[in-house]
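A, B, C, D, E and F label the chains in the order they appear, each numbered from 1.
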Amino acid sequence: MMRLPYQESAEGLNAAFIGVPLDTGTSNRPGARFGPRHIRAESSMVRTYNATTRAAPYNSLVVADIGDVHVNLYNLKDSCRRIREAYQKIMAAGCIPLTLGGDHTITYPILLAVAERHGPVGLIHVDAHTDTGEQALGEKIYHGTPFRRCVDEGLLDCKRVVQIGIRGSSYSPEPYKFCREQGFRVVFAEDCWSKSLVPLMSEVRQQMGDKPVYLSFDIDGIDPSFAPGTGTPEIGGLTTHQALEIIRGSRGLNLVGCDLVEVAPMYDLSGNTALTAANLLFEMLCVLPGVQSY
Amino acid sequence: MMRLPYQESAEGLNAAFIGVPLDTGTSNRPGARFGPRHIRAESSMVRTYNATTRAAPYNSLVVADIGDVHVNLYNLKDSCRRIREAYQKIMAAGCIPLTLGGDHTITYPILLAVAERHGPVGLIHVDAHTDTGEQALGEKIYHGTPFRRCVDEGLLDCKRVVQIGIRGSSYSPEPYKFCREQGFRVVFAEDCWSKSLVPLMSEVRQQMGDKPVYLSFDIDGIDPSFAPGTGTPEIGGLTTHQALEIIRGSRGLNLVGCDLVEVAPMYDLSGNTALTAANLLFEMLCVLPGVQSY
Amino acid sequence: MMRLPYQESAEGLNAAFIGVPLDTGTSNRPGARFGPRHIRAESSMVRTYNATTRAAPYNSLVVADIGDVHVNLYNLKDSCRRIREAYQKIMAAGCIPLTLGGDHTITYPILLAVAERHGPVGLIHVDAHTDTGEQALGEKIYHGTPFRRCVDEGLLDCKRVVQIGIRGSSYSPEPYKFCREQGFRVVFAEDCWSKSLVPLMSEVRQQMGDKPVYLSFDIDGIDPSFAPGTGTPEIGGLTTHQALEIIRGSRGLNLVGCDLVEVAPMYDLSGNTALTAANLLFEMLCVLPGVQSY
Amino acid sequence: MMRLPYQESAEGLNAAFIGVPLDTGTSNRPGARFGPRHIRAESSMVRTYNATTRAAPYNSLVVADIGDVHVNLYNLKDSCRRIREAYQKIMAAGCIPLTLGGDHTITYPILLAVAERHGPVGLIHVDAHTDTGEQALGEKIYHGTPFRRCVDEGLLDCKRVVQIGIRGSSYSPEPYKFCREQGFRVVFAEDCWSKSLVPLMSEVRQQMGDKPVYLSFDIDGIDPSFAPGTGTPEIGGLTTHQALEIIRGSRGLNLVGCDLVEVAPMYDLSGNTALTAANLLFEMLCVLPGVQSY
Amino acid sequence: MMRLPYQESAEGLNAAFIGVPLDTGTSNRPGARFGPRHIRAESSMVRTYNATTRAAPYNSLVVADIGDVHVNLYNLKDSCRRIREAYQKIMAAGCIPLTLGGDHTITYPILLAVAERHGPVGLIHVDAHTDTGEQALGEKIYHGTPFRRCVDEGLLDCKRVVQIGIRGSSYSPEPYKFCREQGFRVVFAEDCWSKSLVPLMSEVRQQMGDKPVYLSFDIDGIDPSFAPGTGTPEIGGLTTHQALEIIRGSRGLNLVGCDLVEVAPMYDLSGNTALTAANLLFEMLCVLPGVQSY
Amino acid sequence: MMRLPYQESAEGLNAAFIGVPLDTGTSNRPGARFGPRHIRAESSMVRTYNATTRAAPYNSLVVADIGDVHVNLYNLKDSCRRIREAYQKIMAAGCIPLTLGGDHTITYPILLAVAERHGPVGLIHVDAHTDTGEQALGEKIYHGTPFRRCVDEGLLDCKRVVQIGIRGSSYSPEPYKFCREQGFRVVFAEDCWSKSLVPLMSEVRQQMGDKPVYLSFDIDGIDPSFAPGTGTPEIGGLTTHQALEIIRGSRGLNLVGCDLVEVAPMYDLSGNTALTAANLLFEMLCVLPGVQSY
């Protein structure tokens, strides 16, 4: 990733890129298991200095790529256990994980480990979908339910949850109602169209305060014209420059972890989805606590 | 379509999806004959409830997919005859057709049947091109001329015609002059750039009044970054969110028919064009007279 | 190109399309050697009259396609010599060259020939990158350095240089510092997001005055959602309508040459990048001195 | 499928096409869940009469498409239960299933239902891999183990098992050893190169006798030049004409079921893999007991 | 084509490449209208000397590319008239046409012109389909009927007709019966599998004698693994080396015209189909009467 | 590569995979600079045991991936110097290099280093082209000339050179004449069609004897239906099973180095070319001196 050195564990790192090549929680188009591989490949085009924000993250932080979590493709629950254990070690090392997904199922076990260390966290969640369904086919764990499970387990500080980019059709109004009931702030894509998100992020920073925040970015929050390589694309989404405004607007927050999920590269022959993901992960790194500008 | 039941005729339906797999009126890249097949395939991702507008169309209307018109690929005039006859039956059943094209030639025989029942109709026409040419190679019927033919036949209420998204190069200023002479309102793409179209649609609703309106949406009205799978793409087009603003802004009108034409799927390997088309057709359904919100 | 006649030299022409199929100055993805071929192929969809600006360039100017410069793919310096000589002949004929690149290396030898005739020129440079690096691997000539070399050789009137669309990561802040030191105006992409560029171009016209101006357009200035077919794409770029605003905003300037570079067609299966390039070259033609509207 | 009528159950049918859109047993590239959809789409090019063998299956048999088994993508074991139950109903109807996979995991629950009715069956298994692994990551059910599980459960008449097209690399010699120990006939791809398989099939018919035989065809048995759209392609495979020789050479056998698995369409932009699958399924239909020639 | 000079008419030429960009006679996938453009583009890789056969055609013959016939895409019958007239001029010039199709419909009007000059001709017809249907939807002219029409008009010397590569499914046995009744020799693909076609071509040369022969090559005669870019692909086809054996085996015949049809390039992203077509057309040129070897 | 450990130098290794990402010697389609990256990615599907030949190379040899040579993309001669120096170090370590190209230019500097240690070597050269041109545009070093340069420098034992798969068109008979004059054995593709190459390789083993042999495999020796991702494809080539026969038939020879060149992955969307390359490199490893079977 980013031509960084590879090391086996998170020991001694301020931040680490880590892949979770799981996609068996996908309801529609699978393929996010190859997200980490393609994001790493495209990240070879991402250099060390951020020309626009002037951040030079490697001058301030010790960062490495610590490879992939070994998931069990044939058993979702066992995969969740493996992911949680891997992140418990990262948390124990005091390292901030920057995760390359994988489908959105993975954020549930990641947040289990994160909240174990930090308590319930604030959440900036960029996505086309709220991912707060109750179940499907009797299964409570798949990529449509992670934030419902997080609420069930008390992992989120529900007054500090914002969901940005929500849109599309659904089977019922129920998941939206659930979000409202928890006190989530839901920002529909429609309310973002043709607008700068700088003012929104100013409000979000106020909402988050200085307590721990987790940033979970589903690439399908972005419009499929920019990021076609994903499992459940929805038209009328955010632009990449709005995505940059969201991440850059998170500077100054107490970020304790970030993920970029649902990159299914075989649906994007141009490679732009993985390229976008690699750049967004670099921008996340650039706004972590402690990064200086030059 | 939309995982709806299939039935053979429009009897007993409030609205029907219907395919017209014709593309031999195409001047440049053919392939729109496969538009219906791919739009149907991608529509499996469109669910029943519109999260943004809260419309739940299947609660209010009886809707089905009634299959494809059997066109004659080797004879454009005979195809026009077949299309007209098929739509005469739909009109007789009191059903609103939502058509999956096919190239834009098909709107001419459709409007022949529609105007037979409703008289000259108002027209909301989204497109990169005015489609008001006189002829090509001596042929008066192909996808560059349908609205000229409609004017010739008195099918349009010319004071209630708006064309949105017009742009690109042409062989002469003549077709534009024709539109102005008929009293069409022509909204160039240039006048839409970086703007919300909500104010425009407010004016359009006023212009249309409560008399019958037909909505004809050529996918090339949208920019090729969103919808590359079409026969004659032109840069600098509308965004998908502007497309949604146009359709959602048609709510309250007396819509008597809608079409979505010129999807040539083999020019879009990501499938986004067909996905966009499927969503736009669902949005059209959501604004038909009688649809309730929840 | 544009279904224009082909002729072997620039004699008797007001303006000429010319290809430079060189890509061995590319640092990342090669393929721009096929830019001219694909831009010509897609230009068959560009017609003679500009519906929006009403320009009809072939009524005012004598224009032809004069084919490709014969470059030496195995030797960059020899290619630069060949390009310079070819453009000296075009300059001698009093013809304005509209170049189909090729990677950005080619602008250096082109400007050598242009400045030989016109003296130091003003420059409107659209790009994601400043292209003002000093060297790579000890080589001073490749696609990351052309404008540094132009400054070295005194080919630019540095007070009349504007760079639009700059963004992305880099290896160091040095190239940006160089631009500021020369007095270039650098307009970051971030400053263009969600905005009309009409006001910017009004300022640029004032800056340029009536002295000679060269327009160099790297297709990667535009966002990869519109133009994926390029060697070093960067997210968060300009829209095609902003590109049109830049070119149309150059009307009235004393343009002495234009290029459109870095189209690498095999990275764009939809052909939209080449289509965009063909349209932008047509728009450049439409704003050359002497073109009338109808 | 094949433009056949759709019906909900197998009642009254001699043979039925049925889809099993499961791919969560896939070790490498997922996507076979879309196999049934794309095979059905491409089957629109398959007509009713077999020009070469003169078989006209619809004159002899009652055939329909009975849709897809509703699998549980998030739980492999529950999916196996659902598949087994669906096939028990088909078996009870006395109908021969022609299955559109899905990954190869599905053959295990299918054979559970088949052997329940017919006892241990002979097997013609075309594949690059023996699929006789013991487990992976502790999981005994995924697409690398179905025939090991079938042996464990006594579903196969091991003296009447032939595996054709085996090749490629593996992690150990163990699965091959297992096959030899069971008495399977393993025909390596190497032994098929540049040869007609007509003589081989004559031997196979003798080996199978007149007892029940199941035909399981993994599309990766065919070389990836013909069938790139699959999860674990191996070079040096069978040709499509050898595939036709195998199926046509099965005429006269007591076939009680057939499947065609591992079509992962997104890895084949030309659609040839699904086209090949559709044709092979038609050829399987043409050799079922009772089909006449004309 | 082949980097040859372009000239407007066939005057003074021994042989000419000519494009017929018509595809509105296509029953399934359109796109052959772009066959000529893409074959010409890929022919830039075909050089002047045939390394294997040692033919150097441009040393012996005067050859040029004479551009495309201007067809009427909206009217098949008018297109046939235009093609016939264009070929009458070529025939009058004593020039041998090497045609770049276009769908197979075009061979009918071409043979009208050829037989007008040469009388009924022998035919070497390579194809997956016999193209001897009677009609479709009441239309007698489309790409499924050209050789039926040729027989109707007496353009073929039926005892000197051979069809090679026939296979696939059909709607009825009738077209095959028609061929047999006319005395055509029909060589099924099945009879070509894994074999050299050198012996077959020896028999064909004897059958053709020294009277005029026309060679009509439908690219779908070749297997879709080599040539996916076509409208009605059928599995189990000829290899490209068998195609070369057929054409090289035609050396010495009195060839009066050749065509290569049904290249639909958008179905072949690799460009191999057009590349194959360009090479086969070069090989046809190499076996024309009068070509010397070196 | 092959999931092997990475190490920086060849010290202590029996064999090493090494990439040479150079493609600026390419005459037609560039892109082979990405060959090493994609071959490594696809090699993740190649496991450790060769099921057909029973070779288990990692049981016998110490093997690693030693990364890429740092080439200078802007200067071919400097790249040749860098490659030669890198291979001198590998040779000094007594390690056998298995090279992932890169275009064929690289074999010249590799053989400079190989012959420095081993003296003039025998050569098994699989390719569509002889690569024995004298120069192009005055440049003596590019991918059309490496074996001419090798002869000039005395690096080859010309009586022990075999070229297999030669075909296609060329500009003149001269390069073929040069090969014959040096005593090379040239095996045309035509002489391989539909044949096993086992007998040929038996002769080749005899020709090579027990003196040092280098195996240079240009992926374009294989037919473009199997390996479209290359710069100068030629129809009518070898099959992958013939490629396997060539490499497996090299077992027992005194192989001192192998390369696999000209993989240009962006021309192969299926990834089959890189997959084939990865497998062929594994097969080369399996026939190196000292590898045992199990």
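Definition applied: a contact is a pair of C-beta atoms (placed from the backbone, for glycine too) under 8 Å apart; a residue touches a chain by one contact, two chains touch by 3 or more.
Since this is a predicted model, take the numbers as computed values, not measurements.
Note that among the pairs A-D, B-C or A-F, B-C reproduces the A-B interface, with over half of its contact pairs the same by residue number.
Using CA-based centroids throughout, the chain positioned farthest away from chain D is C.
Inter-chain spacing, taken between the CA centroids of chain B and chain D, is 43 Å. Centre to centre, using the average C-alpha position, chain D and chain F are separated by 38 Å. Centre-to-centre spacing of chain B and chain E amounts to 40 Å, using the average Cα coordinate of each chain.
Computed from the mean C-alpha positions, the centre of chain A lies at a distance of 56 Å from the centre of chain E.
Within chain A, residues 194, 223, 225, 267, 269 each touch two or more of the remaining chains. Across the assembly, chains come into contact as A-B, A-C, A-D, A-F, B-C, B-D, B-E, C-E, C-F, D-E, D-F, E-F.
Those residues of chain F lying in contact with chain D across their complex are 45-52, 54, 194-196, 223, 225-226, 239-241, 244-245, 269-272, 275-276, 279, 282, 294. Of all the residues in chain B, the ones that touch chain D in their complex are 37, 41, 269. Note for the complex: chain C touches chain F at residues 23-27, 29-31, 33-34, 72-76, 78, 136-139, 141-142, 266-267.
On chain F, the positions that touch chain E within their shared complex are 28, 166-173, 176, 188-190, 193-194, 223-225, 228-229, 232-236, 267-269.
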